[in-house]
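Heads up, the next two complexes both have subunit A, just with different partners, subunit B and then subunit C.
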Partner chain A sequence: MTHGSGSHRTIAVEGLSRVEGEGSLRVDVRDGVVEDVALTIFEPPRFFEALLQGRAAAEAPDITARICGICPVAYQMSACAAVEDAVGVRVGHRVTALRRLLYCGEWIQSHALHIYLLHAPDFLGCADAVELAERDRAAVQRGLDLKKTGNLVMETVGGRAVHPVNVKVGGFYRAPDPADVAALAGPLERARDAALATVSWVAGFDFPDVEGEYRFVALRGDGRYPMESGRVTSSDGLDVTAGGFADRVVEEHVARSTALHARLDGRLEYLTGPLARYALNADQLPEVARRAAADAGLGPVCTNPFRSIVVRAVELVAACAEALRLVLAYEPPDPPAAPVGWRAGVGTGATEAPRGLLFHRYGLDDAGLITSARIVPPTSQNQLTIEADLRRVAQAGLALPDDQLTWRCEQAVRNHDPCISCAAHFLDVTVVHR
Partner chain B sequence: MTDERPTVAVWKFASCDGCQLTLLDCEDEFLAIAGAVRFAHFPEVSRASVDGPYDLSIVEGSITTEEDARRIREVRTSSRRLITVGACATAGGIQALRNSAADGAYAGAVYAHPEYLSSLGTSTPIAAHVAVDLELQGCPISAGQLLEVITAELAGRRPVLPSHSVCQECKAAGTVCLPVSRGTACLGPVTRAGCGGLCPSLDRGCFGCFGPSVGANPRALTEHLLEEGTTRAEAARLFATFNVGNPVFGDQAAALSAPERQGGQP
Partner chain C sequence: MSGSGDPGAAPRVVVVGMGSEYRRDDGAGVAVAEEVARTCPHVTRLGPIGEPLDLLGLWDGADLAVVADAVRSGAEPGTVQLIELSEAAGTGQGSVGPPGTTSTHGIGLTGVLRLARAVGSAPRRVVVVGIEGSEFGNGVGLSPAVERAVPHAVGHVRDLVDPAG
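What follows is the complex of A and B.
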């Protein structure tokens, strides 16, 4: 929608789509300069931190999974890590490997969803993947097949794809049968090849010429690409434990958003997610993913936010390859979970959700009941950086007609795969020209 | 040529997106569905949106704000048939735990400025606000049941959905009964079928994510749980999760916590 005349123009679109959740965005332009941008999240708050108080810590993985149906495993993994940190439980390497396999399933499912159904239609001028399928059904089917393989991994390890039931503090209720895990190898080999085809496909898209300036924050893996564990590192030298990081992140409640805005040390904006993980961990990618990145023309760091789709595709290759490695090396953990003795304490857990760093902190009493909870999802941490991106993208695109500029601004938000259900837990777009 | 396919709209209220995702998780059927119907409004998937009226609206999520209470009435007015999917839409979801808390206690615990929020003190199912043609339970819903419901809606017939409990699914699958063999706390006897007896097959007691089955007797189950060593507090928590807003589970949870909360329940 366009309002106004002369140097005062208003473009308003209600309902930013192809994101998970509800919010709006607005760009104000005065005399050819972007004056103000705001990503507004009006997804109704669900008060998870409050409803967790008085619940058993053992319930945290199942309850927090309900924050997000797209990345429930991320919530389960961060919740387990935080509770285990609080009570001093260390899980064995077989449990860790199985958790990583489950997490690979979620990365494959979530990245395939975002690349094919939510993000690629923007680059190809389609309203959605249904329209895209009319032009290139094979591509969309490839994406759906990839997604299905991710779900298959989650079903095999976690029992089901949305809100898996097999995860518990300490490990799993039951270790999957080796024959069922071995049966994943065939689909994962095909998925890895489909992921490689995905990298070639998206690398051929046209990308607007925009470079962001980012403070990247990601876990740093211990010899492997980060997922279920690691220290929190940044592009400007941060290297701390999950607990140390949680101490330094300050969240601010602003009127326009039911997601809290996170800043490092109370002042610095930062970006988590694929661009950050890649910049800080490209050397830890499996060989096949590293080669795919090089063939796609990605340097060691990617700062064009529109190219995040290429990085996400490289991570899709990595997740398939990593899942395949874990499947071939699978040894059922016995027992399937480490014993947990409840005691009072405070613990923090940070893991890499597909769309970025997710940390939980819980305080527990000596009966294992939660006395305090803090959950900081990726989109809360990325929100300020997404707004900075919007400003850059809108400024660079001012010559575009209203409808194209609006679409590009929507795309600037989708570049970061925001999960607004997580963060406040929708978006409508307003561009105001004055 | 006019498009004579039935129009479908998908709406989200307070929820996690998982039940809409279940539609996209029908990877083998999704393109066929998208051919058979016209997704006229489905923001998670498309930036194109067509105004109503719609032949079928699929609603996810619960009502937690005045604005959403207004919006669902609009959705109802513009929909010939309206079905609700998932524990949030059919019972209020996990966020309905706030219904029993003191006013403002929840917002104040999470947000520094509760005055910026326009949130109701309650999370209520869609059927508390408008007439609903069919409710599909589950947290999340079953993809198979969702396909059955959509197919039945398009064919103009009643969907075939189980009203029995998870217990029968375990028997059909040959899963050993955990409460009987090991004394595990399990809500299978009072929980609606749909998952295939998933948790017990993984050596875990059912935690009731599909909500109550038809004719469920949670009181009798509670007596059994308490006899087997589950504490009152544990049993209360077991009934007070994603379907706490369904009175069959919610009243049982309230009865179990009443002595400790000294009559704090509504």
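What follows is the complex of A and C.
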């Protein structure tokens, strides 16, 4: 909704469509200058941080997985990494490979969902994915097939396609049967080809000519594109452990939001997610994804936030190719989980959720009970940068009519796939009398 | 352990527990689906599912999908309603709110059904068994009226999935 006249204009969107969860945004313009922008979000981790206190650390992966319906694996992986850091458990390379395969499944389903059902309609003038499906059924079908393959990987490794139940601190409850894992190869080959077609498709969209100025923060992979582990690096030279990073991130309360806004060293805003991962790790992409990026015209760094859909598609290729590699090399971990001896300590775990860096920090007592919990999701880290994008996009689009400017501002938010999730899920029912 | 099984052989009857057990009465649908799955071995339980979009690929081709979910319609807390979603989604002006009203998820349940229909993967029939909730804040545990309504809702689901029983 937009309103205002003369020299004062306000763009306000109460319920952001196609953003996971709930959110609203407001842009105030005075005398042709964007005066204030505010993205209001409702964020659930604070409740879970309180809920976790006094619970067994072994429960952290399953409890925190319920924070987000779209990226439960990310919460499980960061929780496991943090608890293992606290008690000094090192997992073997087979467990690491299996975790990475599970994570690939989540990246595939999450990226396919965002690209095809939430983001692409913006570029094609469709109100939503339903309209897109009516106009281009084949494209939406391709997206849904990709999502299905991601679900299949999650089900095979994680035991369930939604909210996997096979993950535990130290590894897995059960190693998947080699025949079941091998059966993923065919679907993943088809998914890789569909992902390549996705890159070609989105690279042909028209993109507004907007460049952001970003401080990128992402894990740096150790020879592979980062997902389940790595040091935290930035485009301006940061290179620290997950624990070192957590020490430097300061979060502040903002009255309009239940979310905390994160700043590096208490003052610097930064961006995590596909643009950041790509800028800091393009050289670590699998060859097939690197070629796809070059064919799509992506340079080594992409700073047009609207082109994040292309970067996300390149990551979709990477996740499919990486999953296929892991499937072909699969060796069941035996035992499926490293033994865990509980002791007092503090640990931090950082992994790359599809939409950006997610870190957990737990304090444990000597019985393995959680004494403190800190969960910092990508959206709270990206919030200030998203608002800066909004300011830039709104300023550049002031000549647009209100409805188009509103649409452009909503797109600016969706570019970063913010997870504003875990609103209550009840149906609002309205009875229509005719 | 539940799941979709082989996605090439979709289950004929699925019962979906929609919602989050960490948002009080929003967990009503999850509680109903769990109880149904415990007592009706021939149905496939999906969930807990928080995002309706997650249903795509999981409920494909089912003859009947029963979605147990908390609702907010202004009725007395604990009231159980049955809503035939197939007809509502088909006309675009049915009794359940338009796509997106499921608390501004990416796409609401009716939108997801319309999307599934557009690509030919929708269940033949979708029925929402809605339990009127009143407490949707952070926390665990259903409010007393909703807790008492769960067995009634389970009975409705059983009638739907096993009409002869």
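Keep this in mind: the second predicted complex is superposed on the first by the 410 of 434 C-alpha atoms of A that agree within 3 Å, B and C clash if a C-alpha of one lies under 4 Å from a C-alpha of the other, contacts with A are read in each partner's own complex, and residues count from 1 in each chain.
The definition used in the following text is that contacts are C-beta pairs under 8 Å (C-beta built on N, C-alpha and C of every residue); 3 or more make two chains touch, one makes a residue touch a chain.
No experiment lies behind these values; they were computed from the predicted model shown.
Participant: In the three-chain superposition, say which chain, subunit B or subunit C, touches more residues of subunit A.
Facilitator: B
Participant: In the superposed arrangement, which partner chain does A:Arg174 touch: subunit B (first), subunit C (second), both, or neither?
Facilitator: In the superposed model, A:Arg174 contacts subunit B only, not subunit C.
Participant: Taking the superposition as given, does A:Ala353 touch the first partner, subunit B, the second, subunit C, both, or neither?
Facilitator: In the superposition, A:Ala353 touches no partner, neither subunit B nor subunit C.
Participant: Kindly classify A:His163 by the partners it touches after superposition: subunit B alone (first), subunit C alone (second), both, or neither?
Facilitator: The answer is both, since A:His163 touches subunit B and subunit C.
Participant: Of the two partner chains, subunit B (first) and subunit C (second), which one does A:Glu410 touch, if any: first, second, both, or neither?
Facilitator: Only subunit B; A:Glu410 stays clear of subunit C.
Participant: Using the superposition on chain A described above, determine whether A:Leu260 touches subunit B (first), subunit C (second), both, or neither.
Facilitator: first
Participant: Regarding the shared-chain residue A:Val202, is it in contact with subunit B (first), subunit C (second), both, or neither?
Facilitator: In the superposition, A:Val202 touches no partner, neither subunit B nor subunit C.
Participant: Would you check which partner chain A:Glu59 touches, where first means subunit B only, second means subunit C only, and both and neither mean what they say?
Facilitator: first
Participant: Of the residues on subunit A, which ones does subunit B touch that subunit C also touches?
Facilitator: 15-22, 44, 47-48, 51, 66, 69-70, 113, 117-118, 128-130, 133, 137, 140-141, 144, 147-148, 151, 159-163, 165, 421, 425-426
Participant: Could you list, by residue number, the parts of subunit B that touch subunit A in their complex?
Facilitator: 12-22, 24-25, 27-28, 30-31, 34, 39, 42-49, 64-65, 68, 93-95, 97-98, 101, 105-107, 109-113, 116-117, 119, 123, 139-140, 195, 198-199, 201-204, 207, 209, 234, 237, 241-242
Participant: Please output the residues of subunit A touching subunit C within their complex, sorted ascending.
Facilitator: The contact residues of subunit A facing subunit C are 15-23, 44, 47-48, 51, 66, 69-70, 113, 117-118, 128-130, 133-134, 137, 140-141, 144, 147-148, 151-152, 155, 159-163, 165, 421-432.
Participant: Any idea which subunit C residues touch subunit A in the complex?
Facilitator: 1-4, 7, 18-26, 46-51, 53-54, 56-58, 69-73, 81, 83, 93-97, 99-109, 111, 114-115, 118-119, 121, 128, 130, 133, 136, 138-140
Participant: Spell out the part of subunit A that touches subunit B in their complex, as residue ranges.
Facilitator: Against subunit B, subunit A makes touches at 15-22, 43-51, 53, 55-56, 59, 62-63, 66-70, 72, 113, 117-118, 121, 127-131, 133, 137, 140-141, 144-145, 147-148, 151, 159-163, 165-166, 168, 173-174, 252-255, 258, 260, 407, 410, 421, 425-426.
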